[in-house]
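What follows is a pair of complexes built around chain A, which joins chain B in one and chain C in the other.
The block that comes next holds the complex of A and B.
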């Protein structure tokens, strides 16, 4: 089966007059299969939201291709792209900000239907909206309320209802739970998992929270400074992280088992400014394992076992090199 | 736009708006009464009829606001002038609104074109527009329709600016991005989200524009442009009364002045309340 989403060599640079350009995405290649949840993880500024917006074509890539169901999105005329959006929806980070404060919840959820199925009668529209609200666990009387009258968790349920009402294949979830309370977060994650099972959805789950990612996703792509440094299944990446950056990221994770000592890796210095362009590996300036080869030329992701891909010249040796750190 | 999902209990009853903004409600009532009083209520005297035997009578039970130097009843003239002045102000504002808002939407594109139109507005507004308005009306031979054009000339650029700044700010909102993400077209985003969300500032601006237009109209007729005697207008009455001020006959100028002041105050109160009512409250 061909992949649902296929990105090849995507670059994006934000140019601002009088200021240094920001290299947001650099040579991104990524595939997503139908029905999976791919988590895109990285710290803020790593370009993960930009990547999400490029897949949604809310931003245009400078170069490279983005294919959805085999269609090259960047070549698609605006009108066709609008039609296609019924199959490719989004849920955003700030639930309140992403809902029109003046419209009732019912109208907000009905909006995609009004756009994509203009032939529906008022009664059918109402019916579909109420069913959809029920699906996301909102009471029917929420339909008449304004988003401002709902709690954060309920607002995000409205955002999810809006995304699923056109029965999409895929949803880009841009940090859907990071602005929510911990208890609410768990409910929303459960809801997302349930909807995925029922509707066969494919998720791109953008997050900076490794715990959430481990819980929800089947595959993971780790981003650092506009590049994907490591991809693989959850187990591959979490149990056998090969990129020093992934290592460092996982070191920040706390285990529930007090006897387990997490693999320690400390990076030196701070994350480089996104305006700097890197000739070699983006992590070279901070990496404890850096060699001459790291700065000699571009470091591309290469396949290890299975689905595991790592953009590190020493990916084969990292477990041994980092072993002493673990025992310490 | 009709909302199929608003349930009966969700909408607040009308009266609570009045209760929450009593001064604005009183203001609106005052303006309404002023607008219809001249035609509906019987006036004690004919506002255009001079009485040579009763010139410059101070305020009394017979002449509530006194009489002017030609013996006309000041109260009757002040009320009659309300229709002229408020009518011109409302007309001028309506034209400004109908022209300014669509033009404002046009120039609210993000690119160089929108930027250029704002520069053009800068240049236009750098010109003393009141002088331009005065020249326009007097050169046309004091045509009343030109007063409306003059008001529009002053206020259309203001509406355009306001719309542009409002729309540009709204465009950055997450919910606009979300609307595009669901597949809405530009036009739909404009009608469904951008325009309704800028309605509040448009209403507030409209109220302030009326207040401003009242002052401009009074200023113009003060210098003898626009509504001039025998047509009653507040500006020309203040002008006529200014000569009597020095001799202690204050009532001729003070009462029309008071009404200009009250009207401006009223529209400011209404603008305040509209701002409150239209702003969306969180939780």
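The block that comes next holds the complex of A and C.
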């Protein structure tokens, strides 16, 4: 069986008249299997949301292929594309941005159903919406309220309700829990896990919250400046991070105990702008392990043991050379 | 002793919502001293954003402030300022980072123009070149590589975390003494988050700048805040130095909050029971229905009681710990 989603050599550049083009994604290859949760973590602005939007077909890749269950999506006729859209849903980073402030919560949640199951009666629609609101922990009277009357956390629940109402196959969750407090977050994560078990959902989970990622995902991909620099199972990446950026990222986690502050691996040097093209490794300008080889040519991901892949010429030496060790 | 930089007293906010009234903020008092970062934590929906917006006079028209004051040293009670004076103070003396960065940015103007308008509103005659230099410097400080491409572009071209950083850069642009930030770093990766917080900490240490920081990230509070204010159902239930509150929380809600920190390999902790309905103003302790230690005294609302050690706790267990433990 082909993987559910397969990206190969995907590039995306945003061009603006009279200005330097922004290389948002460079040579991205990635597979996702049915029923798994793949977490996408990494630098802010590194292309995570762009990648999510390309999978959702909200954006067109400049080159490379995106396959869904083995079918190249760019070749699909419109009607099938529309069906596919109902199988692919999203919860976005900014609830305020994605919820129409003029509509009631009930209509917002019902919207995808109106589009994809137009045969439903008013009563059926209402029923589905209320069930859905209950599933995400909103009171029934939320249906009549406007998003503006809800707190950030409650708005995020509306977004999740809207995504699950069409019973999709895959959901791109772009920082779905970052505005929620820990307790509400735990409820939502549990709900997502439950839905995944029941419906065999596949999640692309974009997040900056490393604790959450560790809890929810089976595999992880780490992005830096438009590239995937490391992939592997949660344990491979968290217990034995081999890319210097991954190590820096994981070591920057903050302890909730004011008495302890574990050592942080800091990357110094200027952060490169996505307007520059890179011949070699994207981290070279800031990497403590940089050698001549790093800038000599493209640094492609290579396989270590198991599922672990790292785009670093010194991946084998990283753990010995880079203190602090960051595995727990 | 110098008066606090910001002193909020007995602040309440009610919001009309259809037939009902939401008591979003109730009798909140808190201080921010010069040179400190004060964290505000609490459940989603407990009134943190509403409290902050009330202080900055940015509430929606359906909200009203029946009581309270928010005195900014040297500027007076923000809640009583006329609009002209308010506009002078906001931006120049107190910066604001809203929870929704895209909402704070204008979608149709280029960002360099938005930075310029901000500067020019407070410093008449500033040239475009000058405001651009200021903006570029600030964007660089918040970790944005190649500020020019941001300044020459529009808000929708930014990633979530970049928009957040642009808003943070704007809030610090005119070097205000206080910045009020509502979940400013949720969309940032931890390395960038630390870079920005290190910058804020340095401004606080070296120049006496201060920040009121609303966040769900207890790690941020633990590592960067000097004091913390814990809110539940629109009220302050506990406040004090982070070093004390986080190591020995006294209010049962604070204990539950800190207990919910995920531990690898263990199931996530959740607070049992329903989120409080802010449409009813409870006579007793709002946390009692979910509290493991609730006893009969909790049917009367506990007042926030200063303990002398800089900590304040609003809980009846404080007065009768032995008594309550015996039950």
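Methods note: the second predicted complex is superposed on the first by the 298 of 328 C-alpha atoms of A that agree within 3 Å, B and C clash if a C-alpha of one lies under 4 Å from a C-alpha of the other, contacts with A are read in each partner's own complex, and residues count from 1 in each chain.
Throughout what follows, a residue touches a chain if its C-beta (ideal position, glycine included) is under 8 Å from a C-beta of that chain, and two chains touch if they have at least 3 such contacts.
Everything numeric in this text was worked out from a predicted model, so none of it was measured.
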(request) Answer with first, second, both or neither: which of chain B and chain C does A:102 touch in the superposed model? (result) first
(message) Once chain A of both complexes is superposed, is A:199 in touch with chain B (first), chain C (second), both, or neither?
(response) neither
(message) By the touch definition at the top of the document, which applies to A:303: first (chain B), second (chain C), both, or neither?
(response) neither
(message) Between chain B and chain C, whom does A:181 touch in the aligned arrangement: first, second, both, or neither?
(response) second
(request) Answer with first, second, both or neither: which of chain B and chain C does A:75 touch in the superposed model? (result) neither
(request) With the two complexes superposed on chain A, say which partner A:49 touches: chain B (first), chain C (second), both, or neither. (result) second
(request) Have a look and say if chain B or chain C is in touch with more residues of chain A. (result) C
(message) According to the stated criteria, A:148 is in contact with first (chain B), second (chain C), both, or neither; which is it?
(response) both
(message) Does any part of chain A touch chain B in one structure and chain C in the other, and if so which residues?
(response) 94, 96-97, 144-145, 148-149
(request) Mind listing the chain A positions that touch chain B in their complex? (result) 56, 58, 82-83, 85-86, 89-90, 92, 94, 96-107, 110-112, 115-116, 122, 125-126, 129, 141, 143-146, 148-149, 159, 162, 166
(request) Over in the complex, which chain A residues touch chain C? Could you list them? (result) 14, 16, 19-20, 22, 41-45, 49, 93-94, 96-97, 144-145, 148-154, 175, 178-187, 189-190, 208, 210-212, 214-215, 248-249, 252-259, 261, 264, 267, 270-276, 328
(message) Per the contact definition, I'd like the list of chain C residues that touch chain A in the complex.
(response) 15, 17-18, 22, 41-45, 49, 60, 99-100, 102-103, 143, 145-146, 149, 152-153, 157-162, 165, 183, 186-194, 216-223, 242-243, 246-247, 256-258, 260-262, 264, 268-271, 275
(message) Under the stated contact criterion, what part of chain B meets chain A in this complex?
(response) 3-7, 9-10, 173-175, 177-185, 188, 192-193, 196-197, 280-283
